[in-house]
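The letters A, B, C and D name the chains in turn, as written, and every chain counts its residues from 1.
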Amino acid sequence: MCESDRLETFCDGVFAIAITLLVLEIRVPTAERVHAAGGLLHALAGLWPSYLGYVLGFLTIGIMWANHHAIFQYVRRTDRYFLLVNVLFLLTIAFVPFPTAVLAEYLPEPAERGDAVVLYSATMVAMALTFNALWWYAVRGGRLLEPDADLHAVRTIGRRYLMGPPAYGVVLVLAFFAPWAALAGHALLALLYLLPERGR
Amino acid sequence: MCESDRLETFCDGVFAIAITLLVLEIRVPTAERVHAAGGLLHALAGLWPSYLGYVLGFLTIGIMWANHHAIFQYVRRTDRYFLLVNVLFLLTIAFVPFPTAVLAEYLPEPAERGDAVVLYSATMVAMALTFNALWWYAVRGGRLLEPDADLHAVRTIGRRYLMGPPAYGVVLVLAFFAPWAALAGHALLALLYLLPERGR
Amino acid sequence: MCESDRLETFCDGVFAIAITLLVLEIRVPTAERVHAAGGLLHALAGLWPSYLGYVLGFLTIGIMWANHHAIFQYVRRTDRYFLLVNVLFLLTIAFVPFPTAVLAEYLPEPAERGDAVVLYSATMVAMALTFNALWWYAVRGGRLLEPDADLHAVRTIGRRYLMGPPAYGVVLVLAFFAPWAALAGHALLALLYLLPERGR
Amino acid sequence: MCESDRLETFCDGVFAIAITLLVLEIRVPTAERVHAAGGLLHALAGLWPSYLGYVLGFLTIGIMWANHHAIFQYVRRTDRYFLLVNVLFLLTIAFVPFPTAVLAEYLPEPAERGDAVVLYSATMVAMALTFNALWWYAVRGGRLLEPDADLHAVRTIGRRYLMGPPAYGVVLVLAFFAPWAALAGHALLALLYLLPERGR
């Protein structure tokens, strides 16, 4: 295996595990809760914040996986610092199940909703920042690029990535005042990424 | 690595983790339960709904893994939308441990049994639908097929996949009236798939 | 990727996850337990059944991984039934964290110790049986062997595998009468496998 | 796949899972705790020992992954004993989530802090010892080296690895007397490794 292949495989493992662990935050309703809700189906319906968190976390990690995947279409070499920045980026990815669980737990509580969305948004900012660090470290001066990399494509992609931190930063500020609007912002940013052809 | 190889590896990771997380829903019996059951072996025997859920969930994910595997014998390229549909399909796979845990918990309760089987069956319908979306997106007009793909085999496979959503839909409707019959339906559908040569 | 490569990768994922999930059965001692034990170090020392279960489960899954690895040195093709038997074998591997957790919980209780070792031993019997099914299905009449496979080595390996089910069966019977002796039997069987050169 | 490739893949799986399981030790604050802390953000801030443990455990496993990665740049063959030592090394890696969880739980308690750091440090010593066993078994007399391995590089690397066990041993002794200093020692050792060019 070439060096960057093994790094990719390791990162993919972390992505795959973090995305699959999200399901553990959806708890089976207890007998008491089923009784209070008037039946299992009603209790299951009452878990909507958990489902919402699951879908949001799943799409987020899925999108970041695809982005990370895109980096390695241009980067074929690695070095010590690149490995280090990668570990910091993975640290934010593997962290996602925690803010997602907090979101699922406190979204229905008006008093705590804002704080839960702040935590989630701050995690997204950290993720966008470390992801950009990864990209710019690799492409700066063509450091880890393949000799025949398409520099025009690299610049176009890079400019798009650069918009991530300020965009998530705005959503983070929004989260302090308007949690639901911030959540809608997260959904919108995910959609924008998922349907890029529309955005052009 | 070619593009579809990395996608396969990522998906296989999600399959492998989801299938292995199923065991976490089998809880070690508490000392009180052991005492009430009159010994550990009796308490372990009382966990039969958990074992049933474990086996059913394991076979289901195992079968879907084999099906997904089959897709990639014909599909060698990917694009943005294919990735997206894949993420939606994986979202249903990684979700399986939750309905399985609900099934294991509420199967012995006559009042809640039906609802638990409904949730499980609905998950299967979502899985069959996203799986078909994946397949038809890839083969439609030969979009992501290898140039020399065996079109006759592609058509035969596709027709078989198409039977999935209506079959699971019937089981879902059945679940509202006859939970045990619906469970038998799930076992039957799994067997039909596992022993395809018999079915021809 | 060749067909058996993807199967290997999937199985390796299940092995890696099952082996790593074992650590989740070691629970952080509660503040009450720390207080009762007279300090954290004493409470940690009191977790010896969990450590024992962790090491035993880890070695068991590690050994089975190496055995499974050995099969694929001879088997390069797969078919539908081989996939199915593989799924049944993986079902026993992914199950190991449960009997291990039961062992860790009830080993210190004289009244339940035997039952806990019975469950563990029965799991080992099921594992040895499905593993043999896997091997014999593949090599029977050279079904899935490489054309130039070393048939002498295949026969030697097969004879060694065949000893697994009766050996674990004896330990299972022993578990009903003498749990500690049965545990020693498991350790001995693991050692026999780990140091094969010594055994020749 | 060549023999050492499959071993690498399996080990990478264990690394990736152990590193991602770390997040499970960060528990969502209960409603009572949120109330007592005067809001969710304050309760989240009160989880700093969990975050510290998460970051420390993540960097530790990440570093060991990179080190393990380095071994396989020189080792291309495996044998039975190498597999066995690898399993023992992985046993210490997969164990890390437990001492990390203990650290996160008991770091704020002055009476138990020392014991928690002792457990963490002892785990690091075991990890450094099994890692060295792995390295020296492979390179001793060039046993598993590629024929054209750069022996000068092998010696330089080996000398650096040899410093691990005594360095972690000193930190372990320190943990009995000065837990915070020992924790600083762990952070320092991690930094030393992460920024090697600075150290030269």
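Following the convention adopted for this analysis, a contact is a pair of C-beta atoms (placed from the backbone, for glycine too) under 8 Å apart; a residue touches a chain by one contact, two chains touch by 3 or more.
These numbers were taken from a predicted model, which means no experiment stands behind them.
Trainee: Are the interface residues of subunit A and subunit B largely the same numbers on each copy, more than half shared, or largely different?
Mentor: different
Trainee: Give me the rotation angle that lays the C-alpha atoms of subunit B onto its copy subunit C, rounded to the nearest 5 degrees.
Mentor: Going from subunit B to subunit C via C-alpha fit gives 90 degrees.
Trainee: Which chain has its C-alpha centroid at the greatest distance from the C-alpha centroid of subunit C?
Mentor: A
Trainee: What's the distance between the Cα centroids of subunit C and subunit D, rounded to whole Å?
Mentor: Centre separation, subunit C to subunit D: 25 Å.
Trainee: Nearest whole angstrom, what separates the Cα centre of subunit A from the Cα centre of subunit C?
Mentor: Subunit A and subunit C have C-alpha centres separated by 36 Å.
Trainee: Can you list the subunit A residues in contact with two or more other chains?
Mentor: If we look for residues of subunit A contacting two or more partner chains, we find 9, 13, 16-17, 21, 24.
Trainee: Hey, which residues of subunit A end up touching subunit B in the complex?
Mentor: Within the complex, subunit A touches subunit B at residues 5, 8-9, 12-13, 15-17, 19-24, 26, 28-29, 34, 39-41, 44, 54-55, 58-59, 62, 65-66, 69, 194, 196-197.
Trainee: How about subunit B: which of its residues touch subunit A in the complex?
Mentor: Those in contact with subunit A are residues 1, 6, 9-10, 13-14, 16-18, 21, 24, 80, 83-84, 87, 90-91, 94-95, 97-98, 101-102, 105-106, 111-112, 115-116, 118-119.
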